[in-house]
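Let me give you the structure first, and then I'll get to my questions.
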Amino acid sequence: MSDAKPHKVKDIFVEGAIPPSFIAESIAKHATRTDIGAHEIFLGQVRADVIGGAGDVNAARTAAIEYTAYREMALERMTIIREQAFAKWPAMTCLHVHHSLGVIKAGELCFMVFASAPHRQQAREAVAWVVDRIKSELPIFGREILSDATHIWKTNL
Amino acid sequence: MSDAKPHKVKDIFVEGAIPPSFIAESIAKHATRTDIGAHEIFLGQVRADVIGGAGDVNAARTAAIEYTAYREMALERMTIIREQAFAKWPAMTCLHVHHSLGVIKAGELCFMVFASAPHRQQAREAVAWVVDRIKSELPIFGREILSDATHIWKTNL
Amino acid sequence: MEVLLFGMIAEKAGSPTLQVDADSLEALRTQLVERIPALRGMRYAIAVDRQVVTTDHALTGTEEIAVLPPFAGG
Amino acid sequence: MEVLLFGMIAEKAGSPTLQVDADSLEALRTQLVERIPALRGMRYAIAVDRQVVTTDHALTGTEEIAVLPPFAGG
């Protein structure tokens, strides 16, 4: 939880979905940090979007997303985002980020941003800012595998 | 997860601390709801605040908080807050709130607000709004038990 | 009528309830500070039928009345 | 020099890398659209040494160059 050290590159990527038990373990590790009063957690879950015709009963749905990344660049960008977050919210005690690679099925978790701080405002603002930065700046790519076995490419913008 | 039903009074109170495993179970239950893309979770943790003289090595610290509530009024207020939240964020798929009663030790979790939605903005805004409303409107009282066995009363404002 | 007391106010009163006889909120307030002198320096709210009320109000004696110290949830 | 390709662009190119010979970013762009015609109608970014660059730029051939389709993290 000593994430405030600058220039330490942490690997945010995990192979496969993030299990809910992993989040519980991450929460539990903070019980010894009694200067923490607030945890804010964002979780991304793969959505079974209807692709194409709304109302068309034969329309394909997202069955899974296969995530790939330009790892080296993603981890460099993440290190900068992390440092900027600790500079903006110096009271933040820790920040944990995980993103899945590989095939993640609809209903599974693929993304976690978890900030802790003495008070809620810092943790809340930091999570919102970090989630938005990651979505727009990290070179992560998503191939949406549809229920009819075709695919399309997910884009955040 | 069918929280959108109006006027259903749900009991938010749990006896003792909220275990991290409870949060994992709550997350896991949403895997079947493949219209969800974002979960936002706020957790309150009891902080070992230094009471009185900062820098005084003999200063007492918060060892635990004993929570009590005017249950009937708290649940009525919570039902209204829940309905207003679903009216403000109609895309929100579920909202789960739990608050501890009894003695919660420093480092333990006493409060959870958990919203899910197709997209992050709705879940994020709803959690922030619901947390703030609960802190200012629910008749919940906290006796801070200090390390020197004295106590003071916690107030949010 | 029985008034419900909570938190710091119940502690100061030495009891979670107090018997009072009042036909208005104003009369209730007067009796409360007489019976629980510590209330004088304290911020508190009065809830009638689980709603915080701030203006004067007739009381029939059938209401659920509570005296609430500052909230501390979360 | 070897250029790294990702996501939809690697799919269109049929390979995760492409060999090109370019002494500037402008020359690289020209070659990229010749070799991967699908790039013409596509939004993409070029990263040099893991930084997105938008203006023209001399290339020595030692840089790590990547062609990136729209990001989709989260």
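The chains carry the letters A, B, C and D, assigned in the order they are written, with residues numbered from 1 in each.
What we mean here is this: a residue touches a chain if its C-beta (ideal position, glycine included) is under 8 Å from a C-beta of that chain, and two chains touch if they have at least 3 such contacts.
Just so you know, these numbers come straight off a predicted model, no measurement behind them.
Asker: State which chains count as neighbours of subunit A and simultaneously of subunit C.
Answerer: Chains in contact with subunit A as well as subunit C: B.
Asker: State the chain with the largest centre-to-centre distance from subunit A, centres being mean CA positions.
Answerer: For subunit A, the chain whose C-alpha mean is farthest off is C.
Asker: Where the centres are mean C-alpha positions, what is the separation of subunit B from subunit D, in Å?
Answerer: 48
Asker: What whole-number Å value describes the gap between the mean CA coordinates of subunit A and subunit B?
Answerer: That gives a centre separation of 23 Å.
Asker: Between subunit C and subunit D, tell me the centre distance in angstrom, where each centre is the average of that chain's C-alpha atoms.
Answerer: Measuring from centre to centre gives 72 Å for this pair.
Asker: Give me the residues of subunit D that touch two or more other chains.
Answerer: In subunit D, residues 74 touch at least two other chains, as defined above.
Asker: On subunit B, where are the residues touching two or more other chains?
Answerer: Within subunit B, the residues that touch at least two other chains are 44, 120, 131.
Asker: Applying that definition of touch, give me each pair of chains that meets it.
Answerer: Touching chain pairs, listed by label, are A-B, A-D, B-C.
Asker: Contact residues on subunit C for subunit B in the complex?
Answerer: It comes out as residues 4, 6-8, 11, 47, 50, 64, 66, 68-74.
Asker: Under the touch definition given earlier, write down the residues of subunit B that touch subunit C in their complex.
Answerer: 44, 65, 67-70, 72-74, 76-77, 99, 110-111, 131, 134-143, 153-157
Asker: Spell out the residues on subunit A that touch subunit B in their complex, using ranges where they run on.
Answerer: Listed in rising order, the residues are 20-21, 23-25, 27-28, 30-48, 106-109, 116, 118, 120, 124, 127-128, 131.
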